[in-house]
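In what follows, chain A forms one complex with chain B and a second complex with chain C.
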Partner chain A sequence: MKIENDTLFLAGIYMKTTMKAWFQYRIDAVLRSIAVFLRESTGIIVIYFTLLQFDTLSGWNMSEMFFLFSLLFLTYGIMILFFTGLRDFGGMVRSGNFDRFLLRPRGLLFQLIFVDADWFAAIGQGGLGIVLFILSAGKVGIEWNIETIIYYVLAVAGGVLIQGAIFLILATLNIYLLQTDSLKELTYHNFRKFAGYPINIFHKAIQLIMIYVVPFAFVNYFPAQYLLRKPGAEEYSEIFFYLTPVVGSIWYLAAYLFWRISIRWYKSSGN
Partner chain B sequence: MNIEPYIAYAKKTFLQKTAYRFDHLMNILSTCLKIFIFLEIYRALYLGREEIGGITMAMVTTNFVLSMGLDAAFYIDDFFLPGKIWDGSIATELLRPVSFKGRMIAENLGNAFFKLLFCFVPTLLICVFTIGMVPPHSVEMFGAFLLSIILGYGVLWSISFAVQMLAFWLVNIWSINTIKNVFINVLSGSMIPLWFMPEWMQGVLQFTPFSSIYFIPVQIYLGQLSFREIFLRCLMQLIWIGIIYELGNVLWKRGQRKLVVQGG
Partner chain C sequence: MPEFIEVKEVSKVFKISKRSNGVPGMIANLIMPKYEKREAVRGVSFSIQQGEMIGFIGPNGAGKSTMIKMLSGILFPDGGEIKVGKWIPYKQRKDYVGKIGVVFGQKSQLQWDLPVMDSFELLRAIYRIPKDLYRRNLERYIEMLLMEQFVHQPVRQLSLGQRMRADIVAALLHSPEIIFFDEPTIGVDVAGKEIIRNFIKDLNQQDNVTMLFTTHDMQDIENTCKRLIILDEGEKVYDGSLMGIREKYGTTRQLDVEFNQEEVVKPIANVEILEPDETDSRKRRFVFESRNVQINDLMNELLSQYDIRDINISEPEIESIIRKIYNGEVVSE
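Moving on, here comes the complex of A and B:
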């Protein structure tokens, strides 16, 4: 194998090793995946019972809500396979483990992306996304043809990039600040809990945050609106419904540049 | 039994908590944001209607403020014992002249007391001034409410205690613990007011330990229960505490005999 084309080869080896590590204990792996699946289902169970009582939320019925949520879980499940290393970057910096990467003859981001993959989160959350999609896709009145399928695939790719960009930015901040967990909790996890709801029911300030600051609206709400056209769609400019892949690419590029500039300032916390 | 060392443990945990002020502030903000957003969802569900099945928006608000506020305050370290079994320090813990269970209770109480004072109370104050919350039904009901939240904490604590004991047999307690939390989150009324559950489920839930954690205190606060019912519900909370704690206790005694510490 020649040195300049071994990127794919190396990525393959990394992937095989992480799989082996994560599935070393079979029963444990199954239990953990189920636990993640159930933990993430909590919100879905709550919506199920709520809509049994109320029928619709701002015009969205049960299947449409499931469809809206499915995009959120599916994109997260795919994203986490690549960005586990960045999710745990803060810990690596604090323990000094990250310094080992600096010594290896490959790109840092390449190593961070392939060195680890949280398979349980991927199976648990991605699995929930697939289940919700199967439960809802036939019932929400979308005509699945080449056009909508291409739109859907691009929207999922954009959603993966958007969340990857957020993880990359939060990881990069670790270079400047040693502890970013509570910031992550406030900006990412809090908003993600509500990103599954139609955002037009929220206060204007929260909508603006979800469109421009932590752009979850582009991960599921706008793509779902493009496909479903529920009430509330008219509150937003038509162009938003097409922007998911663009927003994903721009955000990811910006996050990547931020990383490239910041990594030069990296100072080890170890000795 | 000498109570002093346990008070010292509780005090230590209380003081430890005061060190993380920024974290704490974020915690309060997160809780308020969560309550605020859940209310937005319910406003959209109500669509300006006064009440649904006798439940007003103000009652829903009160339910969320109380149960989510308490949920944030009643944080219990579910990995206290499992952590000590994993790293082997359980061996030295058992040699100490204080009861391990007593210490567990003391540390958790110190923590809960701190959070109640500096997390629940500020959250409550913010919510009272910003969103319409119903005041307690009467002075007596407020007293009964306080008693009932203490018992609710007891139920929550004993469930955690019993599940932690499984760590003597299982290396991976994380999965079971996570599933336990799913049950608590869905069935205790903190994420969906139990008034909105299907009728048959409400009937069943009445008798489970989960609804007695937050929902019974909320009902008492709102004056939905007569004194007779309050007495019966509190009695049920006590019975659940007794049953679950005793279950944990049996596991605790068996577990100690079985305990194998790796390494050392």
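Moving on, here comes the complex of A and C:
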């Protein structure tokens, strides 16, 4: 118990320190958060004007599309608060700054998770997620009761874990490859772009990748389908709609094991 | 006294991937990566007692940093054994690193945008330093390193010397038993170097902490360390006192002579004649090995042939001896 308190205390100090570092220039912080918000909004604006012309996309209207997108942005905003250190891990290994973590009497992954938090990305993207949720949640016919709220919270947690697992795996690959930026672009960012849309509009191969390889389908499409029941839902097994927290946990556990094995190898082989 | 740090026949080999050019090369690399082996440390052994202060020197690439990384538990050795106190550094990382402090002169561990104190507070939590110990150490180090004026300033506003002092305190807040300094005075001005050297010396004497440090500045070593370990191309080439290095390698002598008028000096066997001051041709420097030339003979010869105003015998500086060791010009006898 004492150890747990101590770990929480350290996590708190870390968070205080990173917030202080990111927000010390207030105006700059506000502007940069807005910049992220606007950059990410361009995709939404395109959707908005497209749907003004066509009303629906594969049966999804404007509000429903916003709801689908909101899960994507919200989970990213939460995830990046904890995985900024892993996002930047490759650079730390290359510059040798990772050695400093090895010299501190704390768990390596714990340090990497708490050492930094990209608050601008979190506010910009998470904020966009919240705005889209507010704009759509009341208009998509979801009855918000205890059951749906619990489902929603678990789905968000699972979505955070899925993306965290992908970040952790990509970070770990840095140990072997030293440079994984293009791999991240190929896997994470490309499929995140697909994930903004109902996945049944894509070729079967893309759908399979988004379910089994880079499981973005579980971050927003399946949870949204569970709540909205739009056309296309019948194409997938009913169980997929419940699996987000499970997929998140399994993927994260697998990523964690990969990390543990790799970090042992890193220390024995040198840098 | 028992040995505190024991290093036995330690070696470390790095694999450096060899990249071929062009697309075919890239594909070949992916399928069958080629590695070049580089032995960074080769069969190095030494032992250190508690409270000793050791200077680690050697040219760039001699294996100093690799040695420090193995001693601090960051790297596994490929061969040999390292034991520090009751720990094996690379096996018991979390226990061990709480007992050591490491200062990398080239890499700060402070939060760039925040006041120095914020970094210290974070380290207090990381190392679980009890409040009273933290306060005591902080007060003491701040006073010893003359840091009162800048502990509340953001790190980015500090001069390099100030930043280095803050980094040293950051590595010592948890009262480590062993401290590794990797180039702690690099880029620091003369006054700053002096403060750092005095601090290191005082701390070693007052607290009996064991210290190892690497540097390229021989002044650092001359002012602080009694014992010196010289590495070259991964091997230990000297281990002993600073004075011992003169006895072992410093057989060169030099004689600085000032003549009363301009002279044309005739060559002398086994003596190198230099003009130390190009603007003053009345000055000459005679450099020779003490085993080849008797100093009395040389002086007699000079005094009998030339009109001499002043004469001065000196031993070579440590720095020049070490430069010769690096260059492979001196071999131990």
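The rule we apply is simple: the second predicted complex is superposed on the first by the 261 of 271 C-alpha atoms of A that agree within 3 Å, B and C clash if a C-alpha of one lies under 4 Å from a C-alpha of the other, contacts with A are read in each partner's own complex, and residues count from 1 in each chain.
Simple rule for what comes next: a residue touches a chain if its C-beta (ideal position, glycine included) is under 8 Å from a C-beta of that chain, and two chains touch if they have at least 3 such contacts.
Keep in mind it's a predicted model, so treat the numbers as computed, not measured.
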Touching partner for A:Ile201 - first (chain B), second (chain C), both, neither | first
In this superposed model, does chain C or chain B come into contact with more residues of chain A?
-> B
Touched partner set for A:Asn97, first chain B, second chain C, both or neither = second
Touching A:Val213, do we find chain B (first), chain C (second), both, or neither?
-> neither
Would you sort A:Ile150 into first (chain B), second (chain C), both or neither based on which partner it touches?
-> neither
Determine, under the contact definition given at the top, whether A:Asp28 touches first (chain B), second (chain C), both, or neither.
-> first
Have a look at where A:Ser58 lands relative to chain B and chain C in the superposition and call it first, second, both or neither.
-> first
Would you tell me which residues of chain B are touching chain A in their complex?
-> 22-23, 26, 29-30, 33-34, 36-37, 40-41, 43-45, 52, 171-172, 174-176, 178-179, 181-182, 185-186, 191-192, 196-198, 201
Touching chain A in the complex, chain C uses residues 12, 14-15, 69, 72-76, 90, 93-95, 97-98, 100, 102, 104, 107, 109, 111-114, 118, 121-122, 125-128
Tell me, which parts of chain A touch chain B in their complex?
-> 28, 31-32, 34-36, 38-39, 41-43, 45-46, 49-50, 52-54, 57-58, 182, 185-186, 190, 193-194, 197, 201-203, 206
Chain C partner, complex, touching residues on chain A are 6, 9-10, 13-14, 17, 20-21, 24, 96-97, 99-100, 102-107, 267-271
